[in-house]
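Next come two complexes built around chain A: one with chain B, the other with chain C.
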Partner chain A sequence: MSINLLHRHVLEDYISGFETDPNPNHVAVSRRPVIFSVLAHRGQETAVAEALGSAHGVVLRFCSPSEWLLVSRTAGPATVAGILSDIAGASFADQSDGRVLMTISGPSVRNILGKCVAVDLHPEVFAEDYSANMLFCHVAANVARSGPDTFEIIVPRSLAGSAFEELLEMGREHALTRGFSD
Partner chain B sequence: MTSYRLASGGAANRGRSLTFTFDGRTYKGFEGDTLASALLANDQMLMARSFKYHRPRGVVTAGSAEPNALMTIGAGARSEPNARATVVELYDRLVAVSQNRWPSLKHDFGALNNVLSPFLGAGFYYKTFMWPALFWEKLYEPLIRRAAGLGKAVMQADPDRYEKSWTHCDLLVIGAGPAGLTAALAAGRAGARVILADEGFRLGGSMLSESAMVGGMPACDFATTTVEELATLPNVTLMPRTTVFGWYDDMVFGAVERVQKHVATPSPDLPMERLWRIVAKRAILAAGAEERPLVFGGNDRPGVMTAGAIRTYLNRYGVAVGGKVAVFTNGGSGYRTAADLVARGVDVTAIIDARPGSADPVPQGIRVIRGGSVTDTRGWHRIDGLIAERSGFEEVIACDALAMSGGWSPVVHLMCQRGAKPVWSDEKQAFMAPDLGGAFVAAGSAAGFDGLSDCLKDGAAKAHTVLESLGRRALPLALPRVEGEYDASFAPLWYVPGAKNKAFVDFQNDVHVGDLGLAQREGFRHIEHTKRYTTAGMATDQGKLGNINTVGIVAGMRGVSPAEIGTTTFRPFYTPVSFGALAGSARAEHAAPVRTSPLAGWARKNGAAFVEAGPWHRSAWFPREGEKTWRESVDREVLNVRANAGLCDVSTLGKIEIFGAGAAEFLDRIYCNGFLKLPVGKARYGLMLREDGIVFDDGTTSRLSENHYVMTTTTAYAAEVLSHMEFAAQTFWPELDVRFVSVTDQWAQMSLAGPKARIILGRVVQDDISDAAFPFLAAKEVTLRGGLRARLFRISFSGELAYELAVPAGFGEAVADAIMDAGHEDGICAYGVEALNVLRVEKGHVTHSELEGRTTADDVGLGRMMAMQKPDFIGKRLSTRFGLTAADRLQLVGLKPVEADKEIRAGAHLLKDQAKPSLANDQGFVSSACFSPTLGHFIALAMLKSGRERFGEKIIVWDGLRGTEVPAEVCPPVFVDPENTKLHL
Partner chain C sequence: MASLITCPHCGARPKEEFSVRGAAMPARPSPMAKDEAWHAYVYIRDNPKGRYQEYWHHAAGCRRWLVVDRDNLTHDVFGVTDAADFVQARGIE
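Let's look at the complex of A and B:
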């Protein structure tokens, strides 16, 4: 007997039925990104960071001096696991189901995020490709700048509904729309 | 004559008329008016009744320090009490109602208090309502509160939204008057990130009120031009209607923005108010200076106002506060007010100058009484005359308004909120801002400069200094020429002698000079004591107008300098902030984040009732049709698990992935039991102690490969355990190669328990899970039919044959559905945390009800787990302390009621048979209790003195809360399958 198992995104209840054309300020949720936690063992931090930096098809999100999130929208989990297995001094765990990735963009993005995080996101301080762990709407999140007016936010799955609702509330005055990106 | 709107002039938009009501009467005002200026334009001078004596009061100021003109704005749920009419921006259909009067503002019954005032001096209620003590709370206080008071809060829920936001800048400029504008301009042109915040709805500060010419145009136009330039700079953020109310650690400023307070129909997409937390590298306080009232007899009569306020109403709003205005002054401000009034055609009856002589220019034809004073005023709802006195000669001068000026006090409040005290200056006769070392400086009149040109210059100069300290260079600012400036200097005059009537120091709290004297006589001499005894400087205005006069008068009474008296303590908030703004969006369902299990959808489908467990919402039980109480559902679920099988969501348990060659050694030290020899593919129950030998947490840890483990923790302690491990790894044993990461959110985890668990699971899992291939405590990766990789653990909390299956969270619901389908024919049921709890109590397993921060491993019957032969583990040393090994410690036991139908409840205490309830007779307590459907009666786990020696003894379970005593038998804590036969099926 084979069982057909359907994958369900935690934010489906928050997005289904609300699909509209995106406004200038929009938050897009990725359905099945690949996200891994990567840990560098003692003394291997620099080597692991360098090896991760040169990997193709993945982006690196800084969590702490020896911990990153590796994100890919193109490579599959097996491919990413393969890349990671080849890096000496690194351990990793698949978090693709444990994290929710959303991309918020638009002209008011910093005003909206100012209500969600306490960190200065001015481009002089938090430039493109910067990322850090921070409190986002009461939830521990990783926030990265992926463009002049675009940020990627990664939150734990169990708290994603709360954080997403709060983000939408904070985006109300800027007519923030929502949707899945794929 | 009366107060009226001049035919022209002012910055209010005369092209847009607005209708509003005050106490039910309809009035008209203009866009750009405050409620106070619009009321004055309509000759409504009487605006309030005073706090204690219910004296008629008019407006005194034109700004945020207003003590008198407090009103309730808005209707229904949007009513806001104690709004200051001087800062309420007029909007169409605004509804304002006066406060603290009955039956009407004009005829207030409470004014009887004024007649009784000789008996109502400072501290009267402390002395009067002393006996009987019980009456204070029940009778006196409610009565006094009703008689004296401010507005009333409404009981409806606030219909509006509120928000909080962070923002960051190089320079925060507080106040958009002359100094603030040039400071912001200098820094803005230099490219710094600047925030310019002002409490007013129009930026410009005092420049909107003054008649001087700046840069060849009226001061007001110059302010507008400067604001327009600032608005074009992308690095400058203008924040009107924003009060910076507090200065906090690390240069964080609190501010509240009134986003929609001035809007007739608020938008649901915008907050009513927004609370800002502004992180500034540097800040300039350009909050200006407050004009002091003079303290003379009858100085609270409606129509007596500060000279500056009269200028503001005249120049900014085009409103003359009277037709015949007298001036009482000790400095230049009074002369300027007289000159501005005369220029706009308003009659000035006399200038009474307390100084014997001065060089201030006198408007042509105006009489000046030098070296004179005012000893009383006349009129009831409005002043109609004053008594001027010079050298013993008294004269009645008719007037319908009186401008008073007692000099200026820099507004230094914010700079003193973190402990620094303001510094007295003999030269300025004022308290000045303390030196805070450059990160936060005062500029303009907040720094003691009087003249407009000096303020413009100082703002730019302070901005340059600040920019330099940030490593930025600014070009010098070309300062505009100022024409028609006046000399604002003054001679100190704290108290005008010869008062023939009450001379008020604190208008809002009805504190007069006599009260201050009484406080000194009765020993409340320290200024903080004087404040509490007299209430000077309390309530919503916190003494903005009166405090410095209070200090000056007390200094005069004591014959010392005000420097010796000092000020009371400045604290946030500068002006009142609504609770709505402080709460922001954190109310109702947004008050705290909710954690949702990946199996929540599955639980809902199966009809679960949920329970809040910290942030988690966990499925508690699954009622079926016909079940009337939760107990019926739970009993059915328990019996079904023991007879067939059940599926329970255990995803909320903490899950930590552990890596590294040092992981085995690390686990061996972090747990009190041995972990070094745990084989790959096996799980083990582990018990963690705190350093002090008390149990910290428990759970299972499984070895997935040589250097890779996964640990589970309890739901409640998931984060604490991870921190504990990080701390131990980083500080105790940095030599161990071990790393961790939480994977709690990655996995949906479900417990399948019951004698039919294996049969059902076999239909879902591809691998061989026979007892031989997958024995008790096996822990391995498996493949589900259909190809999904999962983790399977053969562990049991219920005492039954049981498995925990972990699958990636997104598949959780589908896998749980598949197991329910696969088990349908075998009678599987969903069960919740209530049944889970009954199952574990029946089996005698402990949770945080027993591991509650006071118990040792031995207390809860797990003493044999402590591997004392290990060289070390956390808690080893201190667990051997005498107190922790004493024979009479409370030990875990089971309890059964002697009469089978009797109920035992958790929290009840234990007594020896025949003993009376008392602390001395206390033998322990019930930690967990439930009805056991398996045994058909209540059972309990309890902590009992020397409990393990007392099996078979009859004791009393005493529930003082419900007044019951139930005889119970002490027994071993394992009620079901003590031989563990079911685990190895």
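Let's look at the complex of A and C:
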């Protein structure tokens, strides 16, 4: 670990400024992700899930048997809306302005998230590419594992500040840093 | 209260993720049913001690309505089903 917060004064951030150079444990916030919410009509759940799974340039996040989030950092909202309007039996809404996407990574990520969620994040239970809605720092969020030590968290915009502050607090003993990813 | 509920869609979750919305067994009367039937459905409820089927909403998870079959005395949970499946199994709309 490059910076050890044990030898850093608790008010250092507030006096000298926040550390934004990424440490091994780091939270990166995306400035402009594209996030769509998708609902399958009754009886169309399997067909819609298959169509969404084969879409290119987007990642799929599971919310419920008939609801998903479609996330993209590369495609624009018009492209994603185009993909979705080609899928029969699905309704969708652009939620990009209503959600915040954070990526947390590092060797201590499971210890940090263990204090934020009450769900088992062991890789045998919560494997790579797995995603689910869960309570994250008292906020209903979507949590996904995008790598062995990388998780993506999507929270509602109005609660992002609260969830983010609590996440940093939980990560402080692991020298968690934060910054924008782009 | 049982503190871990196994949602059929999300897996084992803490009770804080749910909101409880009362007994699942009383069948909702038809819209045109007599006032007495509606009064009985809305206001007259048993308060059993023991095994009990209850509506739970997975508010912070899949947001589906579930029916939790549990014992309110021993905290045992016997099963959790999606409310849509529960209603279908009971054969009412």
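Criterion: the second predicted complex is superposed on the first by the 163 of 182 C-alpha atoms of A that agree within 3 Å, B and C clash if a C-alpha of one lies under 4 Å from a C-alpha of the other, contacts with A are read in each partner's own complex, and residues count from 1 in each chain.
Keep in mind that, in the parts below, a residue touches a chain if its C-beta (ideal position, glycine included) is under 8 Å from a C-beta of that chain, and two chains touch if they have at least 3 such contacts.
The shown structure was predicted, so the numbers you read here are calculated from the model rather than taken from an experiment.
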Answer with first, second, both or neither: which of chain B and chain C does A:E169 touch in the superposed model? first
Of the partners chain B and chain C, which touch A:P65 in the superposed model: first, second, both, neither? second
Partner chain in contact with A:L159 - chain B first, chain C second, else both or neither: first
One more residue to check, A:A118. First (chain B), second (chain C), both or neither? both
Output check: A:D149 vs chain B and chain C. Expected answer is one of first, second, both, neither. What do you get? neither
Per the contact definition in the header, classify A:N133: touching chain B only (first), chain C only (second), both, or neither. second
State whether chain B or chain C is in contact with more residues of chain A in the superposed arrangement. B
A:Q95 in the overlay: touching chain B, chain C, both, or neither? Say first, second, both or neither. first
Overlapping contact positions on chain A, where the chain C interface meets the chain B interface: 67, 118-120, 125
Per the contact definition, I'd like the list of chain A residues that touch chain B in the complex. 1-10, 32, 37, 39-42, 66-67, 91, 93-99, 111, 114-115, 117-120, 122, 125, 137-139, 156-159, 161-163, 165-166, 169-170, 172-173, 175
Contacting residues of chain C [partner chain A, same complex]: 9-14, 16-17, 59-64, 82
In the complex formed with chain A, which residues of chain B make contact? 163-168, 193, 269-271, 277, 279, 585, 590, 592-598, 601, 615-616, 657, 659-660, 708, 734, 737, 739-741, 743-747, 763-764, 784-786, 788, 808-811, 813-815, 818
Residues of chain A defined as touching chain C within the complex: 63-65, 67, 118-120, 125, 132-135, 140
